[in-house]
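Chain nomenclature is as follows: A, B, C and D, assigned in order of appearance, with residue numbering initiated at 1 for each chain independently.
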Amino acid sequence: MIKFLKQVGDYAKEAVQSARYIGQGLSVTFDHMRRRPVTVQYPYEKLIPSERFRGRIHFEFDKCISCEVCVRVCPINLPVVDWEFDKATKKKKLNHYSIDFGVCIFCGNCVEYCPTNCLSMTEEYELSTYDRHMLNYDSVALGRLPYKVMDDPMVTPLRELGYLPKGITEPHDLPAGSRRAGARPEEILEK
Amino acid sequence: MHLQLQAFLVLAAALFAIGIYGLITSRNAVRVLMSIELLLNAVNLNLMSFSNYIDAQGIKGQVFAVFVITVAAAEAAVGLAIVLSIYRNRDTVDMEQFNLLKW
Amino acid sequence: MNPGIDLQGTFIQTLRDLGLPAGAAKAIWMPLPMFLIIIGATVGVLVVVWLERKISAAVQQRIGPEFAGPLGVLQPVADGLKLVFKEDIVPAKSDPWLFTLGPILVVIPVFLSYLVVPFGQNLVITNLSVGIFLWIALSSIAPIGLLMSGYASNNKYSLLGGLRAAAQSISYEVPMALSVLAVVLMSNSLSTIDIVQQQSHYGILSWNVWRQPLGFLIFWIAALAECERLPFDLPEAEEELVAGYQTEYAGMKFGLFYIGSYVNLVLSSLLVAVLYLGGWETPVPIEFVGGLLGLNETSPWLQVIDAALGITMTVLKAYFLVFLAILLRWTLPRVRIDQLLNLGWKFLLPVSLVNLLLTAALKLAFPFAFGG
Amino acid sequence: MNLAEGVQIVSFCILSLMMIGAALGVVLFENIVYSAFLLGGVFISIAGLYILLNADFVATAQVLIYVGAVNVLILFAIMLVNKREDFKPLPNRLLRQVTTGLVCFGIFALLSTMVLATPWAFSTAPAAAESSIVIIGEHLFSDFLLPFELASVLLLMAMVGAIVLARREYIPDEILPGLTRPSGLTLPERPRELLTLTSGGKGDLRNQKPASSTKQPIDTNA
């Protein structure tokens, strides 16, 4: 009998305990309701990509010396460098260069190791196409300039976490002149 | 014309006859149980119409109907449990196959 | 207790003054409240769908619908229109009759249950003597529709979902009925009007929630389970059963399930408000306020205000509970099927029996406080 | 004939047609699932007839218990035993059915002539419809107290009995050594290696479990 009563008591205790946990959970959920939404209304508002964003790779045809370092450092040997040896000038002459962004993992090794800086990362990330073969960019496509979120009149640019003043996590409704946390690169150079 | 006791009673008789037919002819054990439910409902309908037309003050018929409903619920539970265990043993619900007690 | 506004009597009297016979006047009156309630229930669904989306968004720090109408209030209408115009697919191997009949059987009892929901002293379609019992009986029809649609879809997920839904709603009917029984025990009547009137005299203090805290909790949990709301939405648990019995449905048949579930949620909230939160009663009794201000409570404009206030109070209480349900949805994880049945049979059922016994004992001991 | 009586007669006709049609469907349909759903139709229309007979409480109880419990129970049972099986044809099946039909029609004819020939003692007192719950309750706790208590005992016994009958009494908790797992239930995949550590037996058990203990999911509903 005592044992049974103890069981009932324990059960009741557990029930009360779980009710308390449910109450705690509810209060957390309720607290979230008064926080401001973090939504970025994507096609109308866009975040400004951060400084070292690794987007689509830009390529300058004239700077390239066809050294194939990019191919060697690429984890999957992705860039296709089509060159031939020019007997007259005794230099390699680049015919075609292409990167397939359907396969690229945007690790940035090629940019890092390119001796002439002809490869660079852009902040362009909207690469969707109807056919995956259209992601295979040739040297012309790679040479196009990226467009900037800030320049698009249809888009409200929103500053990302890295650009926001210290302690603020909300890109909406910032005063116009507010600057980001920390020193800017040029300020670091001056020091 | 006014709704008469006889109309309800004839209706109940029809339901009872249908139930009997199903009870005898159906080979699926679950359908037999359903026919029994039909029979019980026919009886209930009788009780209720008597209660309304003959004993309108005391409505004892309704009390009986409540009892019949209780019994029917119990009958359905036990009957279906029996059908279930027979099905597990014999792997069929055919009434003609339930012949363990036949000799 | 003032009788409150009597719309029916006034309406019929007006028509008779215009020269109509009494029977015709009554026949004209009869469909009016039904249409009003059906329209009210449907609008209520739209509001609840909008609330659900907005509150869910707020809980997850999103914005939610905002382009369809101001603050996205037209979003549910857009959803409904989309469902109406979608192609109505009946799967090839399904059973077309049962497949069509299933959603109808699920929806009709829910709308029928609005018969007994009171919004004021005379603002109810019918004041049946079996009142709340009728609701319990009607809500037990829905499992048949669920089983029907689950079976007719000819899909294992659907069948499992239908069976689960039926098992769940049968198991939670029992504690729910027992907790309703405790309330009925106190008000000596099954009629919803009497149940509200019994909690009317001292404002918020006389609400049943203080006398029946256990019953209130049990009823609310069971109502959530009956409505298949999270954390009890096992029949349509998308990780295991795709969408349960709704898997094969599209277009307006799916829309019927959708409407049915939300109407059921509103209905359960309304009934919680009626059974435990004093129905149309204001937290401070309106006679008391009228007495303070020196107003005669039979004056017509006070009665109109009283009726409007009653409807507002009932709806407000119901929507507070809906809000609670939505908040619970984003707080609690889904339970497993065995946990669900264990909770129903091993926890809620004994506790509700104890609650019933306790109520009976208290009624015998303190008849003045527990409706002797 | 005023409005109320007309409504009564029309609804009686509709309900009785519904009931007879659904009952015939229960008995005659080949597909047992249709029969079960039509049984729900029979119960609902009988509840409607009870309302015509001034018995709102019993009508509601009919809906609650028959439609909500018994019919769902039957449906569950059908879903549990629903094996597509063709019954072995019996000799003279048609003859049997015709004979039974004739006998049943005879019963019906007999009963209805009896019903129509008997002079019934109608009560002239007005119906006590409004307080039928109160009257039923008074009956249950005064002159029908013993049957009431017996009915509750019966329900308890039925519940226990149904659970005991429907339960699977033999759930093997240890795998017999000679028992091989049926090949139809296993997936065509590489068998998992047994854990050959100290708890070899346990790993063995765990490995065998999916094939052996197919526990019935819905047992306690009876």
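Operating definition for what follows: contacts are C-beta pairs under 8 Å (C-beta built on N, C-alpha and C of every residue); 3 or more make two chains touch, one makes a residue touch a chain.
Just so it is clear, the structure is predicted and the values come from calculations on it, not from any experiment.
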Between A-C and C-D, more C-beta pairs in contact link C-D
Using mean CA coordinates as chain centres, what's the subunit A-subunit C distance in Å?
-> 48
Inter-centroid spacing, subunit D versus subunit C (mean Cα positions, whole Å) = 28
Separation of the C-alpha centres, subunit B versus subunit D, in whole Å, is 10
When centres are defined as mean Cα positions, the distance from subunit A to subunit D in whole Å is 62
Could you check subunit D for residues that touch two or more other chains and list them?
-> 57, 61, 69, 76, 132
What pattern do the touching chains form: line, ring, star, complete or other?
-> line
Here the pairs of chains that touch are A-C, B-D, C-D
Contact set on subunit D toward subunit C in their complex | 2-3, 33-34, 37, 40, 44, 56-57, 60-61, 63-64, 67-69, 71-72, 75-76, 79, 130-133, 217-218, 220-221
Could you please specify the touching residues of subunit C with respect to subunit D in the complex?
-> 23, 27, 98, 101, 128-130, 133-134, 136-138, 140-141, 143-144, 147-148, 151, 159, 163, 166-167, 170-171, 173, 190, 337, 341, 345
Under the touch definition given earlier, write down the residues of subunit B that touch subunit D in their complex.
-> 1-3, 5-11, 13-22, 24-28, 30-31, 33-35, 37-38, 41, 44-45, 48-49, 51-60, 62-63, 65-67, 69-78, 80-85, 87-88, 91-94, 96
How about subunit A: which of its residues touch subunit C in the complex?
-> 15, 22, 25-26, 28-30, 32-33, 35-39, 41
Subunit B-facing residues of subunit D, complex = 1, 5, 8-9, 12, 16, 19-20, 23-24, 26-27, 32, 35-36, 39, 42-43, 46, 49-50, 52-55, 57-58, 61-62, 65-66, 69-70, 73-74, 76-78, 80-81, 83, 85, 87-88, 90, 96-97, 100-101, 103-105, 107-108, 111-112, 115-116, 120-123, 125-128, 132, 135-136, 139-140, 144, 147, 151, 154-155, 157-159, 161-166, 168, 222
